[in-house]
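Note that chain A is present in both complexes that follow, paired respectively with chain B and with chain C.
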Partner chain A sequence: MDETVAEYIRRTVLKMPRDEIKTMLQKWGFLSEAQLQTLNFHQIKDNISQEVVQLCEENSADIKQAAVLDIIYNHIYQNKRMWSVYQMKKSAEELEYFDITDFKKKFKGRLRSALKNVTITFREYEDNAIWIRVAWGTPYKKPNQYKPSYVVYHSQTPYVFISASVLKSNLPLLCQALIVASNYHDIREMELRSHSLNSLKDIVFKRYSQNFQTDYSKPLQGENVEPENADLRIVQENRSEKERIHRLNREVFGDGPQPKLEFAQYRLETMFKSDPKMDVLDKKEPFRCLVKFSSPHLLESLKSLAPAGMADAPLSPLLTCIPQKARNYFKIREKKGFNPESFVSP
Partner chain B sequence: HLATSLPLPSERDHLRPRIDLIVFMIDIKSKYSLKNVEASLAYVDASFFLGKVCFLVTGVGRVNYCSIETNAICKLGEAYGSPVLFCELELEGIRVTTAQRLLRMLQICAGHIPGVSALSFVLLMRNFDDD
Partner chain C sequence: GVLAHLEMLEARAHQEAVEQEEKEQREERLAFLKARVQELRLQRDELRDKLDRQEKAQLGKEGIVSDPALPSPRAVLEWKIRSLRGLLQVFQLTGFSGKLSRRGLRFSLRTSYEGSYLDSFHLELLLRPEFRIRRHSVPAFIPLEQLARKFLPSDLRSFLNVLSQHLNGFVGRRHQAEQLQEQFSEWLQGAPRGNSLCNLLTFRYSIPGKSQNSRNFPFRARLLYGDPCRSLPTEVAVSCSPDAPAPLAEAAAAHSELFRSLALPRAFRSL
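The block that comes next holds the complex of A and B.
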């Protein structure tokens, strides 16, 4: 077995938490159940990984199998990576039957014709997701297995989720291969990024609970604003205001859990408006400013702002439009009578 | 009675008892909270400021999250001639002590303590600050 393959497998096993090594090796299926039984999972990971490499040696593992193990790890720990969303466009509305073998062949063919040194691995999952791992090399160097790109494609949709490696120069080639293989004619990057792959899917596939404009003019019967203290000696003076905030919040955010995003970024290219007498940049040139909201769970924290009394309800549409517009990067330009619809993607 | 801002909703006027003490709670972690209090102060009748108003600053335990200068709040207290109390609601001991202090003040303001009026009490508190 190749030295580099052995080292790669060893490092991949070291990444895994000790309690999960056995399950992941089983999912991998490259080592037999009998071989797995011989492994001692109660020793330090260093030793476990050495033993795994030895077993792989017996089975003559090559880079292809090692790559599959890497996909398995990254599928389970997908939230460690940053994912971007891309949308593909068809030129005409033909309903073509998706053939996975054809897709793989075309994808591999396109990449290999441009770059000989690539490792391409596919793995399909039950939710119709096709995971693709690509390790990139150059015409003179073997692929760097430690910086691969991952692509998740749901064949029934025009969306592709890409976790690019640091080597951004390969991105155009990757995009090209995707549209050729899937019979689309164009691909564009959406302004939507997050660590939570499932939340990105929820947003673009519209799987989160959306707000519906219902007639809430009559207060709902028996609606509890919050689990208030049942102490009757405390009188809430602003109960109707609290109910209004709660209702507005429900209308905007819906009832279910929000998709998990870590930040929203607004790039301002608007004019600085100040008292003309102060002579500070007043309307002379755009005031470049970047506003970034970060949170472990941005949308949930926005949802709790008004009920917590930290912001007025309703919240600015700039914040609440994030799931509907499927973007968390915005560019705000000067427009007469500022209109949130005037966003332009770069 | 708990309210998020003043003025109080007029529809409940007939249900409200006499107000003896107004405690303005300012969360030191939120500038919004200070602005809200400053806006609400405009709706308080002048007679309340003779000892029936108090400022309670919460959240002082978390030093890293202070958004408001204590200086600004003390100036507010001076401007309105009312005492400023500091507390940390997340600590049970301090929470209980603060509640006891407020209760004591309320008893005085409601006239339950013979010989001490709200006005004389607030002057007592002010004198301590001034040295």
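The block that comes next holds the complex of A and C.
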């Protein structure tokens, strides 16, 4: 077995938390149950990984199998990576029968024809997600297995989720291979990024709970705006205001959990509006400013702003349109004329 | 004795006085409300007369000159609303329900397959200046934009119809694949391979007990669903592994016919 492969497997096992190593190796399926039984998972990880490498040596593992193990690790710990969403465009409108073998062949063919030194690995999951791992090399160097790119694609959808490696120069090639393999003709990056891959999928596949009810004047049965106070001496002075806020919040955010985003960024290119007497800026230039909202769970925190009394309800549509517009990077330009909907650039 | 009796009488008298007062108050209020109702009715009749007179005056003025075929914009809007309501009532039976909200029209499409209700999908349409999709919860592999381009804004009815067929077809195919895996997992080798739209399904299977070596999964099936609105395949290819005995090979052709005409779980039950 190649030394680089051995080292790669060792390092991959070291990344795994100790109590997960066994399940991941089982999912991998490269080592037999009997071999797994011989491993002692209670020793320090260094020793575990050495033993795993020895077993792989017995089975003559090559880079292809090692790459599969890497995909398994990254599939379970997908939230450690930053994912961007890309949208593909199609000119033809006829029905597609997506065939995975066809897709794989075209993808590999396109990549390999441009770059000979690549390692390409596929893995399909139950929810029709196709995971692709690509390790990049150069015409003169073997692929760097420690900086691969990951692509997640659901067949027959125009969306691709890419976690690019640091080597961004290979991105155009990757995008090209994707559109060729999936029969689209164009691809562009959407302004949507997050660590939570599932939340990104929820947003573009419209799986999050949008509210489509029209009547919020009556609360749901069994639901109270606030818990019943045991002490009747406490009277809520602004009960109706609280109910109004609650109702507006439900209309905007719906009832279910929100997709998990970590930030929203607004790049302002608007003019600075000051008191004309003060004359702060005599040049009529846009005041460049970047506003960034960060949170472990941005949309849930926005949802709780109004009920907590920290913001007025309804919230600004710039904040609430994030899941519907499927973006968390915005450019705001000057309002030109009376056109309230269009001042956010697409 | 006597004092207690007196007290009781006093209390009773007091009670009756209170009740009498309440009754008088109620009657007073009732009389007042009746008078108010009369007043409002008079007002309403007056306004009605006024309206009639105005309309007659208008007609009288332009009765001969105006073009009777040109309805007022208000009448057009009323007609639009009436026809939409009619549309909504008709479609309620096919799993549609709609609500007119201040922002537009909201539709819910409830899909069903073989008598059981499955997923619901939602659409919100803007009405002005013309029908346009504002929001939806339709999955990305259903060609929603394509259908909208083809049918909207002029033909809302066909748009909803065709969309419903696409959704019902998809949900039906997906349901069949899930049921097949649930009910016949020992007959299949692994899981059937498909795609998001469930319009291509491949799997290897065997019939336990009937074939000699059922470990082998001799049959290979490939189902192509050419019509996205239907839940039955348009092309079926069932082949048998070359080393299988002859009767199995013949059975393959029969299976092919079966898959083409019956839903998958039912087809398997009759194998």
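By our rule, the second predicted complex is superposed on the first by the 323 of 346 C-alpha atoms of A that agree within 3 Å, B and C clash if a C-alpha of one lies under 4 Å from a C-alpha of the other, contacts with A are read in each partner's own complex, and residues count from 1 in each chain.
The rule is simple: a residue touches a chain if its C-beta (ideal position, glycine included) is under 8 Å from a C-beta of that chain, and two chains touch if they have at least 3 such contacts.
Everything numeric in this text was worked out from a predicted model, so none of it was measured.
Asker: Quick one: is A:158 in contact with chain B, with chain C, with both, or with neither? Answer first, second, both or neither.
Answerer: A:158 contacts chain C only, not chain B.
Asker: I'd like to know which partner A:41 touches here: chain B for first, chain C for second, both or neither.
Answerer: A:41 sits against neither chain B nor chain C.
Asker: Is A:99 in contact with chain B, with chain C, with both, or with neither (first, second, both, neither)?
Answerer: In the superposition, A:99 touches chain C alone.
Asker: Of the two partner chains, chain B (first) and chain C (second), which one does A:77 touch, if any: first, second, both, or neither?
Answerer: Neither: A:77 stays clear of chain B and chain C.
Asker: Please work out whether A:125 is in contact with chain B alone, chain C alone, both, or neither, and reply first, second, both or neither.
Answerer: Once the two structures are laid over each other on A, A:125 reaches no partner at all.
Asker: Identify which of chain B and chain C touches the larger number of residues of chain A.
Answerer: Looking at chain B versus chain C, the one contacting more residues of chain A is C.
Asker: Examine A:146 and indicate which partner it touches, taking first as chain B and second as chain C; both and neither are also allowed.
Answerer: Neither partner.
Asker: Touching residues of chain A toward chain C in the complex: what are they?
Answerer: 93, 95-100, 124, 126, 128, 154-159, 204-207, 210, 212, 214, 324
Asker: Of all residues in chain A, which touch chain B in the complex?
Answerer: Residue list for chain A touching chain B: 234-238, 240-242, 309-311.
Asker: Of all residues in chain C, which touch chain A in the complex?
Answerer: 99, 101, 106, 108, 122, 124, 135-141, 143, 146, 191, 193-197, 199-200, 224, 226, 228
Asker: Tell me, which parts of chain B touch chain A in their complex?
Answerer: Chain B residues touching chain A: 1-5, 8-9, 12, 30, 32-33.
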